[in-house]
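Below you'll find the structures, each written out as structure tokens.
First chain A sits with chain B, and in the next complex the same chain sits with chain C.
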Partner chain A sequence: MSANNGGDAGPANSGRVNDVITRLREGDAGLILLVLGGIYLAYIISGVILGYQLRGQLNSIAALTFYIGVFALLALALNLHWGYTGLFNIGVVGFMAVGVYVMALVSKPVYTPGGAAQVGGLGLPLWVGVLAGMLAAALFGFIVALPALRLRADYLAIVTIAMSEIVRFSFLSSEFQQFTLFGNQVGFGGGSGLILDYTQPLEAFFRTFGLWDAYLGFVTAFGSFGPLNLNNPKPIVDSLIYGGVLLLFIGAYYWLLKRTGESPFGRVLKAIREDEDVANALGKNTNRFKIKSFMLGCALMGLAGILWLAVQGAVTPNFFRPRITFFVWIALIIGGAGSNTGSVLGGAIFAGVLYQGPLYLKNVLEAVLPQTNAPNGFGPAVAPIFQSLDPLPFVWYTLDSIRQLQLVIMGLVLIWLMHNRPEGLLGHRKEIAASIDLSRPTRQSSTAAADGGFVNGVSETNDSSANSGGQRDE
Partner chain B sequence: MGIAETYSRSRQFVDRRPLTHSLAAAAGVGLVLYLLWVLVSQLVTGQLQIHELGELMWDGLMRGLVIGLAGVGLSMTYSILNFANFSHGDYISAGAFSGWATTYLIAGLGRADIGSLLLVGAGGSVFGGALGIGISTTPLAVVLGVVVAGIGAVALSLFVDRTVFKPLRGEDGITLLIASIGVAFALRYLMQFVFGSDVRGTTSQPPAYSFYVVDGWVRVNYHDMTLFVVAIGLMVGVHLLLQRSKLGKAMRAMSDNGDLARITGIPTEGVVRWTWIIGGALTGISGYIFVLWKGTLAFDDGWLLLLLIFAAVILGGIGSVYGAIAGGIVIGLTASMAVIWIPSAFARAAAFAVMILILLVRPQGIFAGRATA
Partner chain C sequence: MSESEETTGVDDASQSVDGGRTETRGETDGVDERDETGAEPTTTDAQSPSTLDTDATGSETGEYPLRVENLRKTFGGIVAVDDASFEVERGTLTGLIGPNGAGKSTTFNLITGMHTPDEGRVLFNGEDITGLPPHRVADKGLVRTFQIARELSEMTVLENMMLAPKHQRGEALWRSVTPGVRDDVVRQEEELLERAWEMLDFFEIDHLAEEYAGNLSGGQRKLLEMARALLTDPDMLLLDEPFAGVNPSLEHRLLEHVHELREQGYTFLLVEHDMDLIMQNCEHVIVMHQGKVLTEGTPSDIKQNEQVVEAYLGGNV
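For the complex of A and B:
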């Protein structure tokens, strides 16, 4: 991938510190911290209301971090497609599925008759599987992109969503349930899904660095740490640490996409987004740029899918319904397309407020309100309103159906955003594409840097080297 | 216009790479020959009998008529308002629910309580089969159901247009598309909230004729025929309306160039309203007869049909009524007959593959250049 060929070793250290300070002051990082703090606080308070012990609190925080992590990762990857390149991909879930299934195929242990798993894998280490999964997602992206990129944006939308459904049907079908590859009995498990019976990802991760025993020691120490005093601390510590790993991945995605966006390659992508014909007229082979960007984004989606499902123990094809694609879109639109910080913010808000929020709200309300049985349908719920003006059964039914109503709320949020704030919280701000500062040199202090844009001083050194570095991308 | 743009770009593509294109054409011809060969060899060896083939084709035709009828509405809004309406599938379900609530109410009045009838037997409180619903047994209930399904979908699409799409009128297609995804989510899960998520049987077994075809019987039941008559009748009606009336002319003008249409004095908002009314009615009725034909109803029926409808509309060429109908029949036949060549799990996938192939070879669709007529 030539995504990063433009970047040099990076700006001087002092410049980077400046950059961070400016960002904090400009409010992006501050806003993210504020939002995250608010969400976590709300969860802790609701945990207190629910009467959670420490264990419950830690569990809910770990679950929250997990979903913030996966949605932020997916939104970042989608931002490369839509925010940078203007490719309207609504088949996100298909690329996740390809990534996860290929990873499982490569990393699951070899089939042994009488084992727990119905089908086996190639038995290779997990990291090989992850790389294979990303590669497969990128290649699948290439296959989708080849016919679709020449078409209008809304045609690409329909082709990608159709492709994601084709992927789901393929994994559902009994034809791919079992087959032989390199003399191994492997398969995708069909409708009943796959058991992910490889070494657990965290264990594999720490073993790679020879830190597994140290980690186990840490877990024991954490559990017996005075005020905590947990018995069986491992599951909790595991999920907390996994949440932390996801946050690290967010950092890596963010860094990769920021570098990509600021490289000459990324500038062409933005030019394509704004006006493809102009980019074409300037001698850029826009199709090749689009395909590369699409493939990179697909690989990142595959990895995000792997990170989501690798720790779930099993995977079934019907997990990959189009609605998850739309979840990612809502996250991206909340944050603002075109902005990496916005994508992270959108992922956090989506996961914390729209995805997990209603369920917690329901739990809290049920804990606070007196216990009754909710009616089992809309009819029994509204009948009392007409018969005896008793709205309570309807309230219980509403609360009980929160899983459906939460999707209604998401739809309404999407409509509201399109009406009132289509650019999202942080999206579509002015970006400086020129390699030199074009603004009037009035003051010495640095002017505002748009996300993905450049801060004075930093951009000059960074970018002139980038220009001489690897311009001829075609 | 985007279509013209795509068109000229595809022409470029053809001119620049004659070799690639002829190779693709050769591959296409090869594929068709291979499929024919498989079909003929299956017929000769008796693996597939002629009457089975006939049944598959009839099934595909029925499915295709539903897709085509629903596609006309989608195609009209696509070309006049310039966006892919992802909530169209849920208009189908909404129309079906409103129509079937009416049918249940009329057919079951006095035999079950009104609440469960209006909720189309949510939670298994009433069964359509037990009420004996069918075109021959309860004709009034079915006819009124068809009418109400149309009215319900029209009311819904006008309401959604007024509240959601009208404020976005000048925006680009993608903004509207995203908003329509929001509408789709809200509608679908509101329907699940109200009507529940169970799949209910809606009709009793309708009487059927059997035709002897070469080596066996092909069954055609009353609901097949109802679907056929209603769909063909509406298609002819829409054709006449758009060909003969000034409205049709205004629609064609708008889909060609909205600004120019407004300058020439066409009341564009009025045309948009009529587009939603005609499209909505066809959509709601298609949802109703689809449920009548297959005999089951669930809250996501329309959504599951939506991608096939998109495939049909794109296949036929956006904005073309004939295109939507022809595309619908091609997609319906593909989805039903694909089982001859490939495992049934891939039948829907095959329909999508046909769409993608058409996009490759002829991105403007089969009937392009005949906007809204």
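For the complex of A and C:
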């Protein structure tokens, strides 16, 4: 166990990151690599300061990758709604919940009396459940959108946030705790939550391709690999691999949404965002485009929710509080609405700095600063500053409240962004909505006209038009 | 580059726009055939202005593509349009004038489906389009521009242009994302792009192609809006005060384009405040006053009509 080995996981991880990045635009690839590299480095360094063993380092990297993954996925999906179509969806978490719960309903094993789980499911394979969850989220999006899209944009916001709370309370209610579906005793478990006792996703995934034994072999080999020498390596390898899977999903989302945006379909979405009446006056059935875009985004949110919670072992309705929706919004705003690359970047920065960062900062400071007990009130925390110029109790008090302060920090970041960079990190960039390069085709025939354009191009003022119009006056 | 050369250049461009129109009309039909999603086949050859030039039919719908019958619309207690009826003849530039509050813009909105009339009918090419949503009206070949140019400001001029053509294959989401099928989308985009550039050349705003539309001057936006409307392959264009806030030389240029397009067979209905402009350029003028059609006729008829002079020229100016 040496620092060297800690580095081993780094390249393995960034190799996967590289896969994703090759798909990204040239100019931004560097920025994303730089940011990700910086975040990972900061985590490894803080791990060193905390005296983490290799296992701890790998764990913290896996956790970081996991949160970067889920927030980037959610920000990408939200970018389709807000960045492209201008749909103000503040019910993100509701669609995640629908996705997760429907997936659980479909894929949980059939109820057996005396089993660990209070309620059962339909016992279908996991991939069926995942598809069903996405479909349910999309259909749910359709139902939400139908009345709301006829109204002005702000009403969609109200409808979506209300809906996300309705979803949470529905899953909390005892009505849906247990019911019978297709002769199976199933349910959503109510407030006590739902145990996700299906085959674990990674196992299901590898079994599908008959690679489960090979994977187990790899895990053993990894654990006993010379200097690594890990006891029980499976949980760590599992979570590292799962982080990698999430990064692959980011690539897939990015690919899909980039194609969606850079197409005639995406162009209409953009036009709707800019001015729906104009799109309408040009013969586009804007409601249809809006519903399609909304449903696709909801399905992707459902899938992101599934990816977030499928490996957590259990799910409770109160996980799906609106704050997660706002976390996703912050990630999108940091990255820049309208840019897919920005969404990934925003997700990474949010997860690494704002979501996980404060906790790590706390741990690091606690390791570095001289130990004392944190004061249990604001008064005792501040008093020493004035009495003996001793700021430490106050620092400890602050660190103790880091969970609460986290939200304050997010709020401050948001305010700062709105003031200084409302378009986010990458929102300023032109992402042209077309499947082809729109510069003048080379096989242009009317060269005379092109020359005319050149003349105008030279004068290039707003009134170049007046210029040529004047010429023809005579 | 000398003046004469530039003028020829413009002529060339206009011809190629015309050529582009006929060519792409065929393609649009092709799209309709391939489109299983049930997009209605709209622009049939019988309706296209260019063919009608040659075989002008005797039928009334052929001569008068737009017919408005007894249109009425109230907002609360105000009667904005009161029993308005008129027709627009094919291939003409018809002006719709009237003092402020005469109901011109409301009439426009009633025709294009932005508002639904309380009473009356709107017929386009013999088809009842009353109360259809705006996109269906546009789909039938009746396309409007807005009083305040409504460019899509955070899209480039070219994106604005590429948005316009109707029934693009790639407007179906699955076609745009599915590998393989997307090649078709790309191919059609390449064809549309050439048309878009020709249209930009025709309106002489090709040097602005890569600009954000929001960076254009007011007059340039009007040009862009008209160019964009033309790319939808309309039968008839409704122009809502296209010359408002446009400097005189640009106005001249816009008018020239309108006349050129009219000669190609397009029909125009023009809402305008400027009496002189209407009198000098329109073949036919409809005068509205207090929601009603006061009178209609040739510009010289209108000038001699005492009612008009009283209601509009005398009363307002």
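Brief remarks follow.
Heads up, the rule we're going with is that the second predicted complex is superposed on the first by the 386 of 474 C-alpha atoms of A that agree within 3 Å, B and C clash if a C-alpha of one lies under 4 Å from a C-alpha of the other, contacts with A are read in each partner's own complex, and residues count from 1 in each chain.
Here is the rule we use: contacts are C-beta pairs under 8 Å (C-beta built on N, C-alpha and C of every residue); 3 or more make two chains touch, one makes a residue touch a chain.
Just so you know, these numbers come straight off a predicted model, no measurement behind them.
In the superposition on chain A, contact of A:G313 is made with neither chain B nor chain C.
Judged by the touch definition given at the top, the superposed model places A:D275 against chain C, while chain B stays out of reach. After overlaying the two complexes on the shared chain, residue contacts for A:Y155 are found with chain B alone; chain C is out of touch.
When the two complexes are superposed, the chain touching more residues of chain A, out of chain B and chain C, is C. Contacts of A:G30 after superposition: neither chain B nor chain C is touched.
Once chain A of one complex is fitted onto chain A of the other, the partner contacts of A:L296 are limited to chain C, with no touch recorded for chain B. Of the two partner chains placed around the shared chain by superposition, chain B is the only one that A:E165 touches, whereas chain C remains out of contact.
Taken together, the two complexes place no residue of chain A in contact with both chain B and chain C. Residues 2-3, 5-6, 9-10, 13, 83-84, 115-116, 119, 122-123, 125, 164, 167-168, 171, 173-179, 181-190, 192-197, 307, 310-311, 314, 343, 345-346, 348-349, 352-353, 355-356, 359-360, 363 of chain B touch chain A in their complex. Of all residues in chain C, those touching chain A in their complex are 1, 3, 5-10, 12-13, 16, 112, 114, 133-136, 138-139, 143-144, 146, 150-156, 158-159, 162-164, 166, 168-173, 176-177, 182, 185-186, 189-190, 193-194, 197-198, 200-202, 204-207, 209-210, 216-217, 219-220, 223, 228-229, 232, 247, 249-250, 252-253, 256. Chain contact summary for the complex, chain A toward chain B: residues 88, 147-148, 150-155, 157-159, 161-163, 165-166, 169-170, 172-175, 323, 326, 329, 333, 376-379, 382-383, 401, 404-405, 407-408, 410-415, 418-419, 422. Here chain A touches chain C in the complex through residues 256, 259-260, 263-268, 270-271, 273-275, 277-286, 289, 292, 296, 430, 432-436, 438-441, 444-446, 448-457, 460, 462-466, 468-474, going by the rule given at the top.
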